[in-house]
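Have a look at these structures, which come just after this line.
Shared chain: subunit A. Partners: subunit B in the first complex, subunit C in the second.
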Partner chain A sequence: MKIHSGTARSKKKGISYAKWGYIFLLPFFVVFVIFQLIPLISTVYYSFFQYFRKGLQIVGPNFIGMQNYAKLFATDLPKYFQNTLLLWVVGFIPQIFFSLLLAAWFTSSRLHLRGQRFFKTVIYMPNLIMAAAFSMLFFALFSDNGPVNGTLISMGLIKQPIRFLASVSGTRGLIAFMNFMMWFGNTTILLMAAIMGINPCLFEAAQIDGASGNQMFWHITMPLIRPIMAYVLITSLIGGLQMFDVPQILTDGTGSPDRTSMTMVMYINNHMFSKNYGMAGATSTVLFILCAILCLLVYFVMTKGSRDQEVS
Partner chain B sequence: MKRRTNAVVAMALAAAMTISLAGCQGGGGASSAAATSLSGEAAESQSSQAEENTASSQSESEGKVLNIWCWNDEFQSRFNDYYPDVQTVAKDKSTTTLKDGTTVKWTINPNKGNNYQDKLDQALFRQESAAADDKIDIFLIEADYALKYVNSDFTLNVKKDIGLTDDDLSQQYKYTQDIATDSNGALKAVTWQATPGLFAYRRSIAKKILGTYDPSKVQEQLSSWEKFGSVAAKMHSSGYKMLSGFDDSYRVFSNNVSAPWASGTTVTVDPNIMKWVKQTKEFTEKGYNNKTTLWDDKWSADQGPSSKVFGFFYSTWGINFTLEGNSLKTPVSEGGKEQKGNGIYGDWAVCAGPQSYYWGGTWICGCKGSDNIGTIRKVMKSLTCDKDIASKITKDTQDYCNNKAAMDEIASSDYKSDFLGGQNHIKLFAEVAPKINLKNTSTYDQGCNEEFQAAFHDYFNGTVDLAGAKKNFEKSIKEKYPDLTEVKWPS
Partner chain C sequence: MTDTVAASQNGKKRKKAKSPARFGCYVVLVILCFLCLFFFYMLIINSTHNTFQIQKGFTFLPGRSFGSNFRNLMNNSDIPVISGIINSLIVSALSAVLSIYFSTMTAYGIFAYNFKFRKAAFTIILLIMTMPTQISAVGFVTQMQAMHLRNSLIPLFLPSIAAPIVVFFMKQYMDSSLPVEIIEAARIDGSGEFNTFNTIILPIMKPALAVQAIFVFVAAWNNYFIPALLLDSANKKTLPILIAQLRSADFLKFDMGQVYMLISIAIIPVIIVYLFLSKYIVQGVSLGSVKG
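And now, the complex of A and B:
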């Protein structure tokens, strides 16, 4: 399709289609500003106010400066942050391990696995279930007289039911396991895409040179999928820091036992009982800053090599 | 040509994204139960009714829609079954049509996690600007947070605004009015039920261990906490559990406190509640209970046929609304009958237990801004003041109604409950109901009760020590109620 209405437009020195780009971007930015940016700014804004409900009475908003933050750092905030990080790490380690393994297997030309589509669908399946429903399911499965205990008892492996949700390791373990289950399929697909993006000539050349599968993985695959690894790590970290629905449902919002599975967002949610926008805002702001710092850290560490190359 | 197709596709995608994002924002708030569609049958009868009734004076001045907010179907079924003006009920139960053509719209939001109150509060704040037919006319409240609404301007004065007379209200138990009276002495809500608590136990286990299942003789052996403890030891040595879990005896202790939970900015933990902690810890360590928590599935199973648990502290509604359903082997939904032979139906009996207490209860509030005052008056009058209706509800459902005359009549009659092995439990309720004291309530009760139980579960489970549990309670109560800043423990 050639441009034939040239005479009218030639005055404008050619045609710029750039404006269409902006027009198509507009809906996103409108939605972003209304539903993301304004709430974000108002969260920070209200974190400097005393603003909550006392019964049906609304207290505030009264400006109180940094008092919410002072109060916040006097609480167990570091503990909830540690809980959150721990729950994420314990889930993420098996997640990245199995994802790498599966991605390497699925893409390996030597193994040439059959029924790949089936497996890919199956491992992605847990991600399709709502986290809350998944958590509810585990709550029922692992309850004191749930099917897991029932099976173990009838097999004669245990005599008394194991009270998973009354122990720290049981509860944390289940949360981490659920997060692993939900996300390893997704990560596998991402890593597979990354591996398949590598030029096959490299593998062939290595094979001709007599490299073993192991060597190829560590010296070719791993370095070349680093940008995607960084992406996986950062998105998973953000998701992990915002962990909420799984522990919230599993522990009924208490973070029990002894608040050891109380995550940052669950703590924010606790403040919403009295619609305490001040404290909830302050906690959210702190979480935002911590999240940003960690993500920058991960980004710079993970991409150090490739950025050095670009500079040179 | 190609470029244009791309533009169209891109536009469509962008629009789709906008819509789906907006959809996400709005999705959570809508209440699923607030269905507005009428089933065909009900709609038809409504329109024909409306035509017939256009001349009637009441329907002219009153709104055509009565909005009722509640958290489960308990009141809904009482209303549909016993309110005399009910004409038809929609198939999905989302609406009820009254004889004068008024449509009753039910909005049911589950209670759990403060959900009901959150939604209700939102709607109340919108009440003034809402269209007449969308305004809430009646909402229900529970004892634990009744004061929050009773002391607010959103509830109508039962006598002045709604128009019930002292004479109408004379047969109600006084405690049911005490809790619904605001700080200026105005009555703001009424209830159809009184909720004295009893100890429900298994006849077969009592016969085996205590030698008798006769309620008065069992009561002798359970009349104080010391005796209760020694029966628990006997149960344990024969392989039975005295109670199901941690929370079962909580209400008995928490109702017999000497002061409200909170006053000003201070929470005061009553010595009697610490007695609950002590007793429950002891029971847990000695294996007298099954370590369940209230409403969990094991707790429900402990009320069923394969259970080895001796008894439960239950108030009136618990017996007909919860215990009876749990005791059946084949649930009603699977075709089971509520009769002897199905599970442990008939193996239960009730006695007063170590201390008198109450648990729960639902109050009806008229909402400010309602355009259906006449209907509200009629609903309140017939369901909470009418002796015949009260008597009928109790006889049909075993619920205990808020009408002294009706209850005393049943108590002295030969009424008996098949579920409770032929016992006239109304007689026992009638004895304990006047003893209920609701003086020590505060607006913070719900949060305090929930958080206290949750914090001490960890202590009973052995994951924290006593000091740790106390600290956790302090933390959560201050999170829940930012205006409470101090927690005092009994020395």
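And now, the complex of A and C:
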């Protein structure tokens, strides 16, 4: 990288466009500092303070060091972290599986599937539905006297309505299912774009050499779409840790039954509404650290290949 | 000569062998499409029925209550639907435009110029890409309160100027399909740097811009967390907040026809935008593959 920029500079013989780099980057960084960096710093700052509202009285801000964190880890946080991660994983596994499968099928010249445009348009559709609206829809359909139960009873399959939202696996299952439905079409389109970006000569050459469809997928497609896979994984993980709208609306912010579907951001939201900025700040900081570590790990694992190439 | 004959025979055999596999593909696709369309269809059908019919179970035929559901919802003084639609449209459209323009600009700055902090800037962008907006909500809400932007739409669209995920995507796209020679050629023709960006680079980036515009628009349209924390006054509320309001209301006493009607209204504008831009998405997907 450095060597490359050095030669480029010497070629131009002193004409420097460097200032344009700064000008083009200026709007981004000004807005970033005002609307993201300063709020982030003050969030972390609040996490060390006792700062909440008790009735009409505002307590604090008083510096209390790590007490918010101690309280957090001793009580609710581990449970909500587990909930969040579980809900993400259960939704993500079918999401990446079906997306890879569909992307490989759609781009396969051997299968030559018809009606691709229709299929793509349809599977991307759930991604357009507002998560809040989608969750509200599921709540209405799967509620105790909703049409799902109505249909099952009138078909004689059950006598009593199934209380989907009163059972742990029912609620969690519905949340994971909604996340899967909303995101697999989006992921399919991204992966397809990546696969179609591969030079077709590679596939033709492999075909002439007698490679099977499977071999081509694992030895040509997969290594070459790794950057987009990284993008998909990173954004999905961020989205998973941020999970809020679907469980919030489905359970009306309670994470019922017994807070088993309460996610970390729902917890932050509850503290925000009760104006407990200290505890909300501490939870946010933990989430920030977790998110940063996890995403860094994913990023380094996925970019390792292209880095090696760059060096050689 | 013999090689090509063998290859074509081989191809014919394969085609025959593949037809059951193809059939399997279609079955899976049809099942997935059915799942996607089913909930969607149910939503629209239920918005044409009254509460009693909805609770009886699924019907696949539309009912006659569309008009009355619509009128009831519009006359419902607790739910300001019209201002909700307008607010959501303003926020989403401005977010999409600001985000794709300035993110492409940022990506281009990193892509096209050599400067001291180039690598550092890109690393920072990659690092903050991992930062969900939810994380800084505490500081964001208190700061907006201090800046007197609490019941305003400005804090909902202005921050989209700094959208690291869009920058990352644009940078990836430029690396794969924007030849550096174009910039050099424009300079030789005497084009200024801003002019080059606006009139040459942006049109080349069109497919990527369309795809990202959809993603940003949808994300802003769907955004519920931050708006719910910022907006209190009824005439500023966006659609997701109105839907959440329905959920919190005493649900069983509520008119289900209105519930489905509001959910339908919340998704129709997005579908209209999608129908207009889906061409660009499909095109963008195939154009993005042509290199150099």
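Following the convention adopted for this analysis, the second predicted complex is superposed on the first by the 279 of 312 C-alpha atoms of A that agree within 3 Å, B and C clash if a C-alpha of one lies under 4 Å from a C-alpha of the other, contacts with A are read in each partner's own complex, and residues count from 1 in each chain.
The working rule: contacts are C-beta pairs under 8 Å (C-beta built on N, C-alpha and C of every residue); 3 or more make two chains touch, one makes a residue touch a chain.
A quick note: this is a predicted structure, and the numbers were derived from the prediction, not measured.
A.B. asks: Have a look at where A:145 lands relative to subunit B and subunit C in the superposition and call it first, second, both or neither.
C.D. replies: The answer is both, since A:145 touches subunit B and subunit C.
A.B. asks: Would you sort A:288 into first (subunit B), second (subunit C), both or neither based on which partner it touches?
C.D. replies: Only subunit C is touched by A:288; subunit B is not.
A.B. asks: Using the superposition on chain A described above, determine whether A:20 touches subunit B (first), subunit C (second), both, or neither.
C.D. replies: After superposition on chain A, A:20 lies in contact with both partners, subunit B and subunit C.
A.B. asks: Examine A:168 and indicate which partner it touches, taking first as subunit B and second as subunit C; both and neither are also allowed.
C.D. replies: first
A.B. asks: Examine A:54 and indicate which partner it touches, taking first as subunit B and second as subunit C; both and neither are also allowed.
C.D. replies: A:54 contacts subunit B only, not subunit C.
A.B. asks: First (subunit B), second (subunit C), both or neither: which does A:225 touch?
C.D. replies: neither
A.B. asks: Residues of subunit A touched: more by subunit B or subunit C?
C.D. replies: For subunit A, the partner with the higher number of touched residues is C.
A.B. asks: Does subunit B (first) or subunit C (second) touch A:28, or do both, or does neither?
C.D. replies: both
A.B. asks: Can A:256 be said to touch subunit B (first), subunit C (second), both, or neither?
C.D. replies: first
A.B. asks: Go through subunit A and flag every residue that touches subunit B in one model and subunit C in the other.
C.D. replies: 1, 20, 24, 27-28, 31, 35, 140, 143, 145-146, 252-253
A.B. asks: Help me check something: in the complex, which residues belonging to subunit A touch subunit C?
C.D. replies: Answer in residue numbers: 1, 5, 8-9, 17-25, 27-29, 31-32, 35-36, 38-43, 45-46, 98, 101-102, 105, 110-111, 113, 117, 119-134, 136-141, 143, 145-148, 150-151, 153-154, 181, 184-186, 189, 192-193, 196-199, 208, 227, 231, 234-235, 238, 241-242, 244-245, 248-249, 252-253, 265, 268-269, 272, 277, 280-281, 284, 287-288, 291-292, 295-296, 299.
A.B. asks: For a test of understanding, state which residues of subunit C touch subunit A in their complex under the given definition.
C.D. replies: 7, 14-15, 18, 21-22, 25-26, 28-29, 32-33, 35-37, 39-40, 42-43, 46, 54-58, 102-103, 105-106, 108-110, 112-119, 121, 125-143, 155, 158-159, 161-162, 165, 167-169, 172, 176, 193, 197, 215, 218, 221-222, 224-225, 228-229, 239-240, 243-244, 246-248, 251-252, 256, 259-260, 263, 266-267, 270-271, 274, 278, 281-282, 284-286, 288-289, 291
A.B. asks: So in the complex, the part of subunit A that touches subunit B is made up of which residues?
C.D. replies: These residues of subunit A touch subunit B: 1, 20, 24, 26-28, 30-31, 35, 52-56, 59, 75-76, 140, 143-146, 163, 166-168, 252-254, 256-259, 267, 270-271, 273-274, 276, 278-279.
A.B. asks: Of all residues in subunit B, which touch subunit A in the complex?
C.D. replies: Listed in rising order, the residues are 1-3, 7, 10-11, 14-15, 17-18, 21-22, 25, 113-114, 121, 124, 147-149, 151-152, 154, 291-292, 296-298, 301, 443, 447, 454, 457-458, 461, 463-464, 468, 472, 475-476, 479-483.
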